[in-house]
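Quick one: this structure, given as structure tokens, is what I'll be asking you about.
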Amino acid sequence: MLTVKNLHAAYDRSEVLHGVSIDVAEGEFVCVIGANTAGKSTLLRCISRLIAKASGEISFQGQDLMALPAHRIPALGIAHVPEGRHIFPAMSVEDNLLSGGYALGRGANLQEPLERIYSLFPRLAQRRTQFAGTLSGGEQQMVALGRALILSPKLLILDEPSHGLAPIVVDELHRKLVEIHREGMSILLVEQNVALTLSVAQRGYVLQSGRIVLEGPAAQLASDDKVREAYLGI
Amino acid sequence: MSLSSSLGNAGTPSLRTLPCRPVLLIAAALGMAGLVPLGLDPQGYTLRVLTLTLLFAAMAQSWNIVGGLANQISLGHAGFFGIGAYTSTILLRDLGVSPWLGMIAGMGLAGLAAAILSVPTFRLKGHYFALVTLAFGEVMRVIANSWSSVTGGPVGISVPFAPNSLWMFQYNTVRPYYYVSLIALVLVSVVFWRIKTGALGYRLRAIKENPDAAEVIGIDTYRAKLMAGLVSAVLTAALGTVYAQFSYFFDPDTIFGVASISVRMALIAIVGGVSLTFGPIVGAFFIIPLEEISNAALAGRAAGLSAFVYGALLIAIILVKPQGLLALFGDLYKRLRKESSR
Amino acid sequence: MTQGLQAIVDGILIGGVYAIVSSGLSLVFGIMGVVNFAHAEFLMVGMFVAYFAWAILGLDPLIGSLIALVVVFLAGAGLQRTLIRPILKAPPVAQIFLTVGLMFTLENGALLLFGADYRSVVTSYQTESLHLGGIIVSMPYLFAFLMSVISGGLLWAFMRYSRTGRAMRATAQDPMAAKLVGINTDRMHQIAFGLGVGLTAFGGAVILPYLTVYPTVGSQYVVLMFTVVVLGGLGSVAGAVVGGLAVGVIQALSALVFPMQLQNLVLFVVFIAVLALRPSGLLKGASA
Amino acid sequence: MSKSAEDQRSSSLVVSRRTILAGTGAALAMPFIARQGMAAAKDVNVGVVVPLSGANAQFGINSRNAIQLVADEINAAGGIKSLGGAKLNLIIADSTSTPTTAATVAQRMISQNSVVAVLGAFASSLTLAISEVTERRGIPLLTMSFSDVLTERGFKNVFQVVSKGSTLGRAQFDYSVALAKASGETIGKVAIMYEDTAYGTSQAEGLRQAAKAAGIAVVLDEAYPLGVTDATPLINKLRSSGAQLVFPVSYLNDSILIVRTMRQQGLDIPTIGGAAGYVIPDFRKALADLGDGVLSISPANYDQAPELTERFRKRFGYFMVHEAIEHAALTGVLASALENAKSTAPDALRAALLGATFDQGWASVMTGGSVRFDETGHNKNAYPVMVQWQKDELVTVYPPEAAKGKAQWSKRG
């Protein structure tokens, strides 16, 4: 459903991606792993059209994304949970979640999806009127995820969702992701935590210095010597 | 083809000799600036405009130490300017003290005011700093306006009429004021340049790039900003005395004017190119004559037209090149070179 | 005692107007991060619109204020697109001076268009007042205050409950995340700027019954508006309300103790002191 | 054109060539200005420096209108006959509200346009700044600014056609007390409110002196910042002071605010304004019936010479306000002086300005019907008048020799 072909992207003058191609099929759970500066976030930001200086092809369900401004992307069914969460700190939890449904348009019924999020993350239901900025890191990540899910997207993009969270919370988060995937959503996940990521995803890409150097089923990657050496520290 | 390539080649040697070129250019410009008044009517309009241009260039340059190097947009420098003007003029009027000595007294008072002002402002950033300094300038204006027994109040204050005298800093023609302003501009520019290329400039740059990191590597942020603020305030006050002696008369609204002094000082530096040594000079040689031309050419036609055009031009400059005129000239220069080498 | 009470009442009435006039400036800063020095000129534009609505259509300025709101909203949205959007990413100094240029242009544009005449409206209630005990409440001030309270309340509800209001708050708090949820942040900036200047114009219209309009009337309000906004905390509409009331009451009370001449001195000293102690304003943490 | 002016012109051309060579930005201005000066070879250039932008623009425009009217009339009648029918060529510039700019503009007119005299610049601070330039260049400066200082500094080239600020203040007080007495009221307590500008403070000083001389208590003496956004605190103070009369010295915005706030609070003690905001058509338009009966001091009034001032009303559509009257008088005086001097040399012109009583044509439009400058350059024939809003007109009601109507003291202005 998502196809990225020969993508180049740059900040100022330095090019960060040098011809990246990936794709995500309907209902697939794909991950991209790589070192800190490999360009993983840049790749995701290109898909969401947050980076203007990019060339190549990106299409989603046959639609050319390169021609669209960033704010038109969610309405196609792509939800992006950015690195560092980027929740709205001075808005209530509920307003944060509702804002995720903005792309659905004025008349959309958000009550049902809202209840679904609350049943997925009961903790958020307790804090619905609290300012999101006052929540713990794990709760904030739930808000960020919930804000993306309220759209009932076809493709969910996550950028380092476990960054800075306690191991217990990370485990819970990944369980939720698997649960969501099982219900039929396609997922594109970028993570530092390679072991965990490869354990939940179906297929993966290894991004190194702006180029895809390896791809294949997650299990196969997890057993690849180079991956084990470089990212799993074995 | 052969012509253009030879042009391109001709450009190369001059590039190699580039390091000595600015020095030569500056020397030539100074020499020229020194000679210009000899060909002008010593009481004339052109000389007056040139003098004001140099004076405002010097004012903008001293603003540039705080606004450019320390990256603190002050909109209250009229406060220091007025302290300088009032101090020397009051000392002259009441005690007959030479304005040169009065200038030093004014510099001291302005330094004191800057030190006091730094206490509530040093932690403030960006817009907050700009607005508090704006309020500081207004406070000074209200004080000068209300404290009639000393300042003369809203009626203003006149520099007592005296014969030509270097010691009393008073001349019947504009020419000496031109040279005083020129020397002031050179001195302030040298101070600016020394700070910029010296240790304080390095610290200020570090603070500008990343205040937290600067603290971590042991830079005393408060001290560095205070130093810049003090130097800037003291120089501005000295220029206030020059202005007072040049214009002979001023009132609180003029000398503490938000638009006529504070904003204009900043504007000139910004239009020229903020934190660049030649920015304020280019800015002043653009803004002051621009004001004159628009007034001369348009004021007789319809009320408000000249100020309207002036505002529109400001907008246009910022829209075309937010980094200022120097950057714009740089772009044009590059393009010209490109075209000539093509 | 009565004098003190009277001063507080007067201060609150005028402070309510300061609040609505300044909240527009705060809105623009909060959502776009632009300090708009030309903002007070829109107060002048609003007064002119209301004046002509009165002179030509015979509408009371309190009704004309709605026309002022709409007209200036549209003009502001247009200006945002042509002038403000290109410099949103420019350094703050460039923003400050673009708006200073805009201030010159608007002030002198008004002079070119309307001339330097001082114009004011004649209303049936211009000299009426309520006498409550020993306290005098003048009707034009009271009406201006009520209009401000109503519009302030509507603004609050709009920002709090409407879809667009939520999107504007989202844009203010995190523009990138706002784009990711499908908010057209450019559009939000445009609405915010239009609404910001529109509200200030509205404020100008409601005070027209007791004031006079002329091209430089905005300059009386520049410093005042910034004082209000900074006291309340730049970018916070609720802060602007607190700041407005505070400034109104400080002005009225200081007149009891000090000569009127020192009114602004007292105000600025309080202003500098507040910022020294609470650098982000009286209402810390609250946001647009 | 005189010899010295010729010299200056040719030197200015040399100048422009050199400055262009020097490559300064100011040189860009030169072609414009040089051409302006060249345009009218035989004309007498007269500089007009008035605020055409900023808060005082309206008064600058009124002044310009009057000067233009008089110059047009003189030119239509054959110009300055002793100079071979030379026309008055007005060089008009915006003083802005900044004294430095005003002085620079005056300098420009003297250097580039060889003006024989400068008219301006309404606000005292602007005029003071200009006078520093004109004095050093020996060019006559004709002004209607009120400031006492103007003609008290020993300057030889300043000519002030109006009564000084302190005189206006004293007259404002004395005339009021006299009018009250005439209607059987004894004044014991008065209030002074004034804007904290040069105009406000100097006129308030006159009021204070007069009150002291008359032994009448000043129960409120309050300066307020120009352009207040709220006059309520001021009127609260006035109300609790118990004054029988109030003397507000203010410009229009504040005048209207003060009168309206007084009426809202039910305070209707007589209001005697200090010229400025109280004697312009907008005051009456803004206040409608509330303005009726308000008294004010004025340095001149149009009903003193209706046959002349009606021409202004006909051309511009509003009555001839005082700054227009005074500037018209100055223009008339200047034309007569040029006629008498038979020369545009500054010394001859100064001598002609000092020597004579000007009572012909527009020079007679001032109070007293004539202008005569004493050795300090002050018009000693000028005296202020008390005017009152009666319907849409300003009627002179005091002193008796100038009065055109009866003061309505009972009608609480």
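Labels for the chains are A, B, C and D, by order of writing; each one numbers its residues from 1.
In the analysis below, a contact is a pair of C-beta atoms (placed from the backbone, for glycine too) under 8 Å apart; a residue touches a chain by one contact, two chains touch by 3 or more.
This one's a predicted model, so the numbers in the text were calculated from it and none came from an experiment.
*Asks:* What chain lies closest to the overall centre, CA atoms only?
*Replies:* If we average C-alpha coordinates per chain, C lands closest to the whole-structure average.
*Asks:* Calculate how many whole Å lie between the centre of subunit B and the centre of subunit D, each centre taken as the average of the chain's C-alpha atoms.
*Replies:* About 35 Å, centre to centre.
*Asks:* Roughly how far is subunit A from subunit B, centre to centre by C-alpha average, rounded to an integer in Å?
*Replies:* A distance of 52 Å separates the two centres.
*Asks:* Give, as an integer number of Å, the spacing between the C-alpha centres of subunit C and subunit A.
*Replies:* Measuring from centre to centre gives 42 Å for this pair.
*Asks:* Using mean CA coordinates as chain centres, what's the gap between subunit A and subunit D in Å?
*Replies:* 74
*Asks:* Among all residues of subunit A, which ones touch two or more of the remaining chains?
*Replies:* As it turns out, subunit A has no residue touching two or more other chains.
*Asks:* Which subunit D residues sit where two or more other chains touch them?
*Replies:* Each of 53-54, 57, 60-61, 196, 223, 225 in subunit D touches at least two other chains.
*Asks:* Counting only residues that touch at least two other chains, what does the list for subunit B look like?
*Replies:* Those would be 142, 145-146, 303-304, 307.
*Asks:* Please give all chain pairs that are in touch with each other.
*Replies:* Pairs flagged as touching, ordered by label: A-C, B-C, B-D, C-D.
*Asks:* Which residues, counting only subunit C, touch subunit B once they are in their complex?
*Replies:* 29, 35, 83, 86-87, 90-94, 96-98, 100-112, 115-116, 215, 223, 226-227, 230, 234, 259, 261-262, 264-265, 268-269, 271-273, 275-276, 279-280
*Asks:* Which residues of subunit D touch subunit C in the complex?
*Replies:* So the residues of subunit D in touch with subunit C come to 53-55, 57-58, 60-61, 196, 222-225, 227-230, 232-234, 236-237, 240, 252-253, 256-257, 260-261, 263-266, 280, 282, 285-288, 290.
*Asks:* What residues of subunit A sit close enough to touch subunit C in their complex?
*Replies:* It is residues 48, 50, 69-75, 79-80, 82, 86-91, 95, 98-103, 106, 147, 151 of subunit A that touch subunit C.
*Asks:* Provide the residue numbers of subunit C that touch subunit A in the complex, in ascending order.
*Replies:* 163, 166-167, 169-170, 173-174, 176-185, 285-287
*Asks:* State the interface residues of subunit B toward subunit D in the complex, per the touch definition above.
*Replies:* Interface residues on the subunit B side: 32-33, 35-36, 39-41, 43-46, 48-50, 52-53, 142, 145-146, 148, 153-156, 158, 161, 172, 247-251, 253-254, 257, 260, 285-286, 288-293, 295-297, 299-300, 303-304, 306-307.
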